[in-house]
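In order of appearance the chains are A, B, C and D, and numbering begins at 1 in each one.
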């Protein structure tokens, strides 16, 4: 299972711009872990700006950033348990009907476990989730817009997206799902240091295994902190520096999504951007204005401030913090 | 009414996995009202959420930041759907779905057929994971013709599958009675011992005040079983109604005509 | 995979004495997760005092407490990756040779993964670890002192301790290990509340999955804290209250082992107790004096203070604490 | 000398999983001396340990509390052995073992045969997990007759198994060159490309100062390959020796005659 380690820049610093990171580490055709809970809209926008193509998006649930990447022509394949924004977006529904977007379905848990299996170097992992459902029907597994080509084996045959075997231990049915090993992960996090030690807290969903399973990890961080901040709270680290290819300092990188401890989701703006994905014209207008029309996250935020006023943005900032009643004691001598 | 009817199915002292949408509100109502010792857990990782103040609204999503404050454990999806649900520690679940069928199978996948869908729905999320492992699934959805089918257009989440013995044959554990709470009535399932005997069919158990049996029968497309103890649900109390409105701060959950 | 939930006392409090906990929740013949990193010597001693028998001890590595339980006649079966104390203890070597102790071998990782699989409701899990080794030889898997009887299937045949299959996805070899679901887990932790929310920090080894996979979890806690202490640092919780059967307030419960943030390992005393396990006479003398001769952890500690002086014990206390340089911000509005 | 010889095999910039015993000291020496940017990780969970002060001694165990202070990540065994090692992110490993054989297989299981053991050893710990997945395994043990065998009494940890192609046949990835550092010399392995071609046999590469080739040959029981570039190892520097003694505070690692 040992695979070549991703090479990192000389020295330990991986600090760079989103532009450089996407340029160096995202290739056409890549499978991309695109986040579930804390989304890097900063990196999403950059992928669209650089016109990356034929990406496959994977995550427990894929979120509005995937709808956006699909409409912009960057994502044409999806493996997930939940498609947020499907119902409202006519362009997205259209692409799923006519086969411009292909997919196979999983669940929140099975995608998470498939990422975990990829991260742990396992070929597959077990879960009951689809026993007794229509997912196991041949016409579901290999429907006309399914990812058959992605599952082609060396001998030309097509591997199934999930398979039932008899357990060699107790003979009972076991349903297996293949490991997922994305080429690249994009996420936003509360903080990281220059070396790429990434810290996330709050509901983590599939973040940790999305990062461990991906060959290249690109992270936008709300704050870049010294190593000593990381190592005095080492329990918040989800992946250590050697696992990370690029660290980008992009405050508000999750906007219009929220970031625990920093800002609430911008629900009004999220509604608006979501609404603009409902048809092709408004979607293109949004992309022109807010993605192609801005050069980086800082420019996007500047434009937001300019159009709506600082107050609109600042009103999202979290002001009320939870304080540990009795901080855990770390000490050994 | 649907919110209240669902909440009343949530029992005190039970560990519960709460799904997206109206279930978040129903379970919060139960927690504030009659089930202070239920364990309120959502699939993105927060386990045993106890709101730190009665002023807090219900969470808006399964990863709502408000769930962090007051939770006993802040885990991830491996902990919540893997260890808690699949590991067999969730005693009940509250889920929404687009369709339900005669044997309690849920559909959150599509309307129509796979190759010619009327509409592609978002997919199962955690529902299939939960349906496979949780004994007491409480589902909730408006009582509408397109939602109640003899066979779901697509079975995303195993109920009793094709009837008695269906779960065992599929490789799943038999499960306890399910419940489906709607905008007009509450259904149970005809299976005393969890899918081994009994018809495993949906059974009408409670009508909302003012709803006639025939109205329900007109919507449900198969020959619906009716409980010999069919009763009218007690109307929501003033306390329940006040709590629901308070918990739905901002009106995000209570979409007109759909609760 | 849904199994009956362990019943808990009415109300949420699970606070009780070690005596009550072991009496109620440990049965002869049980499989017991006995800890790897933070050992509950308090519960170990109580199990020996109550004369529990035919226990099977499992953990990534089993530690001196298992040697002790074996010599005392409580443990006669072991599944682990590492037997600490094997080399020095003649009684233990003797019992392994003559079959009084039976075992099958795994590794630190594969036991951890087997516990994880048990905790996640999976029948088995994949790992490469034994490919190309002598563990896969028939004479190793079913050696004369192996746990064949524990692996007997309903039809009378013997399931293997690990099995190689061809992956249904890519056809390559995959080595599977069966899930482990202990009947009971015993561990010590830094703190817990009355409801059984257990918090552990520092190197956790296999603790989390040992607790999730076990039907009954018995925890001795250095400190019993209010719920609010738990929920203002919810990231330290390894299992929530509904997963726990008994919480015991037993300060110094890990002694002579150490507990991060509280006390260092008592290396001198650990050496002495380890040395007393080297032959039957000194082992029996130790058990009479320190296990059967004390009624509970508090009595053990009192005896220690009496014999060696308070200073010896107090010298172990941690005095030097690490302070978060920039505490993680939890806040959402 | 063995400690120093082992430390010299640890490269700067490499992510390394460090095993129990002398490896903890050797890797700490490397970290302090020539490899400040190696990632020092142990299997119980601490990843990327950077001692907060040069006064600190080497950790005494893989879960030593001193590893918490200064580590970038405090995970568990799933993170360390699972994600880091089995996931393919550990570039090298430093391990102790009781025996090694001609093809670099390690034994930490028993001396003698399974049914009639001379001694039951503690078992593999994480060694088998590491041997299956890590490319560059640096093992370390005293050069003694009972430890060097043509075939290990029990193969707990896959080296090149039976020789060229052995790993591929077993279902493992081929691996890079191993190293074995002893109390008298350093061995490499005859496999340029990681177990595909070459004899995959142990090759004597460096002798400690004052050790004669014949002394080594007298201990190793098979016809030992000797590198055409056989050299004498540079003696430990004053700095290395000072560091070792400082790091071995309390004398727990340096057992007379076994380093």
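One rule holds in what follows: a contact is a pair of C-beta atoms (placed from the backbone, for glycine too) under 8 Å apart; a residue touches a chain by one contact, two chains touch by 3 or more.
Every value quoted in this text rests on a predicted model; they were computed, and no experiment measured them.
C-beta contact counts were set side by side for A-D and A-B; A-B has more. For the pair chain A and chain D, the distance between C-alpha centroids works out to 38 Å. The distance from the centre of chain B to the centre of chain D, each centre being the mean of the chain's C-alpha atoms, comes to 55 Å.
Centroids built from CA atoms put chain B at 28 Å from chain A.
Among the residues of chain B, those in touch with two or more other chains are 46, 65, 68-69, 74-75, 78, 82, 86, 132-133, 172. Contacts with at least two other chains are made by residues 1, 113, 120-122, 127-128, 172, 174, 201-202, 235, 258, 260, 264, 322, 330, 332-333 of chain C.
If the chains shown are joined wherever they touch, the resulting network has some other arrangement, not a path, ring, star or complete graph.
Contact between chains, using the touch rule, shows up for A-B, A-C, A-D, B-C, C-D. By the touch rule above, chain B contacts chain A in their complex via residues 42-46, 62-63, 65, 67-69, 74-78, 81-82, 85-86, 105, 109, 114-115, 117, 119-129, 131-133, 154-158, 161, 166-167, 170-172. Against chain D, in their complex, chain A makes its touches with residues 1-3, 5, 11-12, 118-122, 195, 197, 212-213, 227, 230-231, 234-235, 237-243, 330, 332-333.
Against chain A, in their complex, chain D makes its touches with residues 15, 37, 39, 41, 46-48, 50, 52, 64-66, 68-75, 78, 82-83, 86-89, 91, 132-135, 172-173, 175.
Every residue of chain A that touches chain C in the complex is listed here, in rising order: 1, 113, 117, 120-128, 153-154, 159-160, 163, 165, 167-172, 174, 176, 178, 190, 199, 201-202, 225-226, 228-229, 232-233, 235-236, 258, 260-262, 264, 318-333. Put simply, chain A touches chain B in their complex at residues 36-37, 60-61, 80-84, 86-87, 93, 96-97, 105, 107-110, 112-113, 116, 127-135, 139-140, 143-144, 164, 172-175, 201-209, 258, 260, 264, 322.
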